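What follows are several structures.
After this come two complexes, each holding chain A, first together with chain B and then together with chain C.
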Partner chain A sequence: MYSNWVNIAMEIKKGIAVSPGISIARSMIIDSEDYRIPRREIKPSQRLVETQRIRNAFNDAIEELTRLGAQQDLAESGKIRDIFAVHLRLLRDRSLRKKITDLIHSELVTAEYAVSKVLREFAAHFSSVKDTYISERADDIYDIERRLLRQLLGKKREEVKGLSEEVAVIARELSPTQTAGFNKQFVKGIATDAGGRTSHTAIVARSLGIPAVVALEDLTEIVRGGDTVIIDGNRGIVIVNPDEETTLQYEKYSSEFLELEHKLDAIRAKPAVTRDGTRIAVFGNIEFPDEAEVVLQKGGEGIGLYRTEFLYLSSPTEPTEEQHYEAYAATVRFLRNRPVVIRTFDLGADKQTQSKRFAPEPNPFLGLRSIRFCLQNLMMFKTQLHAILRASLLGHVKIMFPLITNHQELMQAKMILRDVMEDLDDESIPYNRNIEVGIMIETPSAALTASTLARDTAFFSIGTNDLIQYTLAVDRGNELVSTLYSATDPAVIRLIRMVIQDANKAQIDVSVCGEMASEPDYIMMLLGLGIRTISITPPMIPEIKQIIRSVTIEDCNNVARKVLSMNSERHISSFLRSAARKILPEAF
Partner chain B sequence: MKFSDFVCFEATIAELQSSRRDDVIIELVSSLEKAGQLKKTAKEEIIKAVIKRENEASTGMGKGIALPHVKHPSVKDVIAAIGKSSIGIDFSALDKQPVYLVILLISPVNNPDKHLQAMENIFKVLQQEKFRKFLRQSRNAEDIEDLLREIDENPSL
Partner chain C sequence: MGKAVCEIAVEIKNMHGLHMRPAMQFVDIANQFACDISVSNGEKVVDGKSIMQIALLAATHGTKLKIKAEGDDAQKAINALQELVESRRFIDPDSYV
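Then we have the complex of A and B:
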C-alpha cells in the first residue's frame, strides 16, 4: 500500500514522550505557513509523483481562490477581488508551473522545495525592481507560495475540526487552543518540534489520551504531508516513513501495550491502599467534561482538578453562564456524589480568552494571569462562580482558586464569592452555602505563607508544575533551560514539605494535583512527606494505584527522610528511581 | 466605572471619630444619609445589615483596608463613602492589623453587576501601594477627592 513511498528512507527522531501510547498514521502538518522549506532530494522514480503533487496543488489553489473571490461582495471589496485575480493569473501561468516541474526533474527535489525556490526567486526579482508598484508585488508572490505550500503540506488548522480520516498531527508548536479543538477519533498522534513535558500541549494530549512526543527540534522539516509516521509516546520516538519491518514491529508493540493497559485496568476497582493499610485517595485531573468518564473508568475516586479554561479555549465566543453551568452540571451529575474540585479560570500567560485579548506583557508568566486576571475582571469571574454555585447542589462540588500569591488575593476572591452567593439569595436560587473553598499552592510565596493562608481555606492543592517553574525560575516550555526544571530540586521538595506540615497543623486537607504526582518515581517520596490525596492525569491512575498498593508507608517515610537529607537534584532523582524500581520492577 | 461615578465625596470623613468598627460604620452610613444619599428611614436598617454582615465575615482585606458593603432596596445606584482613621480601627481584619481606610459600599438589590464593577475598580487601585500611601497621607476630604479624581483620569497614577 505504500508503493509510492517505499523508496523514501526511514528516519528516526528522538524527542520527549509526553503522552503514552502508540500511533501509526498518515501525517498532517498544520500551521506550516512560514516555513523555510529545506532542500530534500528524491529518487528519480519519484519525479512523476512530485509532478502530480504540483499539478494537484495548483488546481486546489485555483479552486480555493476562485471560491474566495466569489464570496467577496462586489461593491466593497473590489480591491480584494483584483488581488485574487492577479493571483489566479499567476497560478494559471503555464511557464511558472513549468519552471517548478523542471526543477523537480533536473535537480531531483521535492515539490515543496521546488515551489519555494522558484517563487522566492521570482519574488526576489520583483523586490529588486525600483518601481514601487512592481516591488510590492513580491508580497503577492509570497502569498501564492504560502497558498501552494499549504496545499502541499497538508490542510489548514480549521480543517482539523472537520477531519474524516485518522491522522498524526505534526507541527512546529501547538497552542492549547489548537489542541483543545482536536477530535480524538481522528487525531491519533501528535508530534511537535517544540514543547516540554509539562507544556499545555502535552497536558491536553495526555488528558485526551492521544500519544504525543514533543521537542523533536526539526521534525517538521523531515516529514511531508501524507507520510506515514509512527509516534511512540512511551519512548519518545517518532519514525518517519517506517520500513515494513519496523511497521510490523510497532503494530505488535502497540497491541502489547494495549494489553498491559488492560491488565492495569484490572486493578481499577481495587482501593489505593498501601501494604500496611493506609488509604490514599486517588483522583483524576480533567480538562473537558467528557473526560470524567475516563477518570471513573480508570478507577479514580473523583475529580481533584477540573480545569475550566476549555470553556474559553475551545469556543469562538465568550461562554455564557448557561454554557458554564452545563459543563459543570454534566460532570457533577456524572460523578454522583464523588468530589469534583472545580478550579476557577487559570487564564492569561499561554491561555488567552476571546474578548479579553491580553495586552502583550513582557513577562506573561509573572503578569496578569489566573486569579489576578479574574480579580480584575469581576464580571467574568462572577459568571463562573454563579454557575459553579448553581451546580453545587447536584453533587459534591468544591471551588479552588489558582495562583494565590498572598492572603489579600484569597480574601478578595472569597469576598466576591460571598457577594455572588448573596446575589443567588436575592434571585432565590438554591446552592450549597457550605461549599468548600480551597486554593492551589503553586508559588513560593504561597508555600512560605501557607500557615497564614490555611486559616481561611478548606484545603490546599499543590500545583507542582507552576511551583517548580516559579521556584526554580525556569520556563518549562523553553528548551534552552528546560533541563533545569526538576521536581526533585531540594528547594521544591522543601517547599512541598512545608506546605504539608502547615496544612496538617491547621488540620486542613492537602493534595498534590501537579504532574509530579503522576510520576511513578515520586510517589513514595510524596507519601513519605505526608500526602494522602493525589489528583493525576486519568491514564496514569492504574499505574500509580499499583505502586501505592505495593509500598508501605514505612518505606515511604524512609525514602522521604533520606531525600530531605540530600542536597543535589541529581542524587535525589537517581535515589528515587532506584527506590521505586526496588519496590516495583515491572512498572519500569 | 470611575470612582466619581459611585463615591459620594460630600460624605467623606477625613478623620473618623471612633476607633470601634460598629461606630465607624454608623459614622459613615450617617454621613451618607446627611449628604442626601440615603433615606432617613433606611439608615438604621442599613447600619444593622452592614454590621451583621461584618459579624459573619470581616471585610478587612489586609494592608489596612476594609470594604464593608451591603445591598439595600432603598438605593437606586451603587453609592460609597470613604473614611480615614489615623489611629486605626479594629476591623477583625484577616491580618489582625488595624484598618486605616474604610470604603463603605451600599448597592441596589437588582443590579449586582454595578456592585461588581465598583468592587473591580477598588481592587485595581488598592493594589497600588502608591495609592494607599497617598490616600493615608491626605489631610482632608478635598485631598481625598482630588486623589480619586486623579485616579479616574489616570488609573496607574
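Then we have the complex of A and C:
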C-alpha cells in the first residue's frame, strides 16, 4: 500500500518567481534536443504509446533522410552519399530499434530518454576505440540521436499548439520557437530548470500573464508527464504531486490572491500620497511596448524603466532602426505626456541573443555586458540612440544608460549621443535637444562616486538587483550561495543611502527601479532613506501604492533610522517584515 | 532436419578496417540471405545483419573474425561475405576509388 505512495511523494522546489499568479495543473514536459534528456518514468499503460512513438520517429527520420539523400547531386562526392547511406542503414537496423523499445518496456522510460540512452551508449563505445577512423564514427551516432529526438520533440511541440486541456509546461529552458505556439487558454503555468528574471521564458510568461518560476535546477528530472504541479509565481515555488492538504491550501491562497488583487485595483485611480501628504511617484517597469497598458491599468504614472533588450532577444536578426522606432513610438504615444525612461541595451551576461553571437566569456557578469557592450558595438548603439531621439518629440522621453561604472564611461556614452544628435541635424530630423539623460547606479563603484557622476547626469536610478550582486559578490542564481544574496545587507543599505544623499546634494532626481522597490517589506525604509520616486513591476503597483497611502513619512524616517543603526542582515529583514505587516496585514 | 551451419575465419585486409562504410557493405550482403549470420572477434559475438553491431566490433586492419551462418543458404552467404572481406577488400566493383 505504502509503496504506491513512494512514487508520487510530494516534492517542493524553490526557484525564482518571474511572473505572478498561481496555477494548479497537469504537467506537460518539453525536452530539447540541445540538452541531455533526463531519465523520466512512464506508467505501464503508456508503454505502447511510447513504442509507437519510436516506430513513427524512425519511419519519419528514414523518410526525411531519403528525401535529403535524393536531393544530393549524383555528381556529389561519394563521401556524402556514403554518409547518407550509412545513416539510413543505422535507422533501419532492427537490433538498434529493438534495444530502444526493450528499454522502454523493461525500465518504463520515455521514448526520448530511451533513444538518447541507447544511442549515447553506442557513441561512447565508438569513442573509446583507439583507431581514430572508427572512434570518429561516434559523431554519426550523435547525429542519428539528434535526428530521432527532433522527430519525437517536433511532434510534441505540435501537441502544445493543439492543446485542448489545461497544462503546466515544464522544460529545461524555453526557446522562442517553443513558446511561439503557446495558447494562454491552455498553458496555465510555466516552470523551467534554467533561466533568470530576464530569460526568454520570463519575458513570454509575463507578457502572456501566465504564472512562472525559473531556475529550478533539476525540476525536469523530478516531474513526470501528467503529474499534478502547483506553480506559485508569487513566491517562486513549484510543488510536484502536492498532497490533498497542500492542494486545498493553494486553492484557498489562489482565490485570496485574486480577491486581494481585485481589492487593490480599486485604489488605482488614487494618488500615491503618504498620510502626511508627501507625494510619491510610482512608475512601472516594462519589457514590451504592450505592457505599457498594464502599467496604466494598475495605476502607474509612467514608465520608469523601459527595457529594450526584447528587440534583440525576440528577433533572429539585428533590429533595424525602424523596428526600434516603432517600439518606442508606440509606447511613448500611448503614455501621452507621461514620462518614459528608455534604457539603452543591457545585453550580455545573462541576456544573450538566441543566435549566440557573443563568444562565451569565463566570467560574463564581470565581462563585456551592458553599456560596455554598447560602447564596443557603436553601430548598434547609435542605431538605438537615433531611434530614441526620433521618438523624443512624441512625448516625455528620457534616456538612461545602464551599468555605468565610472565617470569616463558616462562621458563616452554622452559623446556618442551628441554624435547621433549631429547626424540627426545633418538629416534635418527634429528631436528634443534637451532630452534628459540619466544613469543606472548598479555597481559599488558608481555608488561610491555618485557625487562625481551627479555633475553630468540628469537623474539616477538605482538598480538594486545588480547593486546587491556586485556589492555582496553573490550570484543569486547559484543555489550554493543564493542565501547570501540580500537586499537588507547593511553594506547595500549604506550604499543606497550614499547615492540618495549625493543626488539630493546635486539636486538631481533619484529613483529605485530594482526589485527591492516592488517588495512590500522594503518600501518604508526606502521612503525613509529619502526616495520619492520608484519604478516597479506593474502587477505590484496597487499593493505598493496601498502601503504608501497607509504610512507617514515620519514612520518611514523612524524605520530607516532604526535600520541604519542595525548591523545584521537578519535583524534588519525581520524588523522590516514586522513593520510592513502592521501596515498591510493581508499582503503577507 | 538440422539446419545447415557454415563457419569461416577471415582477416580484415583493407587499410582503415571495418569502419562504417565497409560495415554497411557487409550488412547489405548479409541481409540478402535468409540464414542467421553472426560475427565474432574472439571476445564478442554480434549479429551480422546489424550495422551498429558490426561497427561496434571495431575490427581494424589485421583483425581476425569468425563468420558463422545458420540456415538453408548458409554456404552461399559465407562465400559472398568472404569474397567481400578478403578478395575484394570492400572495394565496390563499380567504384572509382
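In this section, the second predicted complex is superposed on the first by the 359 of 588 C-alpha atoms of A that agree within 3 Å, B and C clash if a C-alpha of one lies under 4 Å from a C-alpha of the other, contacts with A are read in each partner's own complex, and residues count from 1 in each chain.
Note that in this section a contact is a pair of C-beta atoms (placed from the backbone, for glycine too) under 8 Å apart; a residue touches a chain by one contact, two chains touch by 3 or more.
None of the values given here were measured: they were computed from a predicted structure.
S.K.: Name the contact category of A:D139: first (chain B only), second (chain C only), both, or neither.
M.R.: Neither partner.
S.K.: Touching A:E63 in the superposition: chain B (first), chain C (second), both, neither?
M.R.: A:E63: touches no partner chain.
S.K.: Pick one for A:R89: touches chain B only (first), chain C only (second), both, or neither.
M.R.: second
S.K.: In the superposed arrangement, which partner chain does A:D456 touch: chain B (first), chain C (second), both, or neither?
M.R.: Only chain B; A:D456 stays clear of chain C.
S.K.: After lining up the shared chain so the two structures overlap, which partner does A:F126 touch, if you call chain B first and chain C second: first, second, both or neither?
M.R.: second
S.K.: Would you sort A:E107 into first (chain B), second (chain C), both or neither based on which partner it touches?
M.R.: Neither: A:E107 stays clear of chain B and chain C.
S.K.: If you look only at chain B, which of its residues touch chain A in the complex?
M.R.: Per the stated touch rule, the residues are 57, 59, 61-63, 67, 69, 71, 94-95, 109-110, 112-113, 115-117, 119-120, 123-124.
S.K.: Which positions of chain C touch chain A when the two form their complex?
M.R.: It comes out as residues 16-21, 23-24, 27-28, 47, 49-53, 55-56, 58, 60, 95-97.
S.K.: Mind listing the chain A positions that touch chain C in their complex?
M.R.: Its residues touching chain C are 78, 82, 85-86, 89-90, 93-96, 122, 125-126, 129, 131, 133-134, 137, 140.
S.K.: Which chain A residues qualify as touching chain B in the complex?
M.R.: That would be residues 375-379, 382, 406-408, 411-412, 414-416, 418-420, 422-423, 426, 455-456 of chain A.
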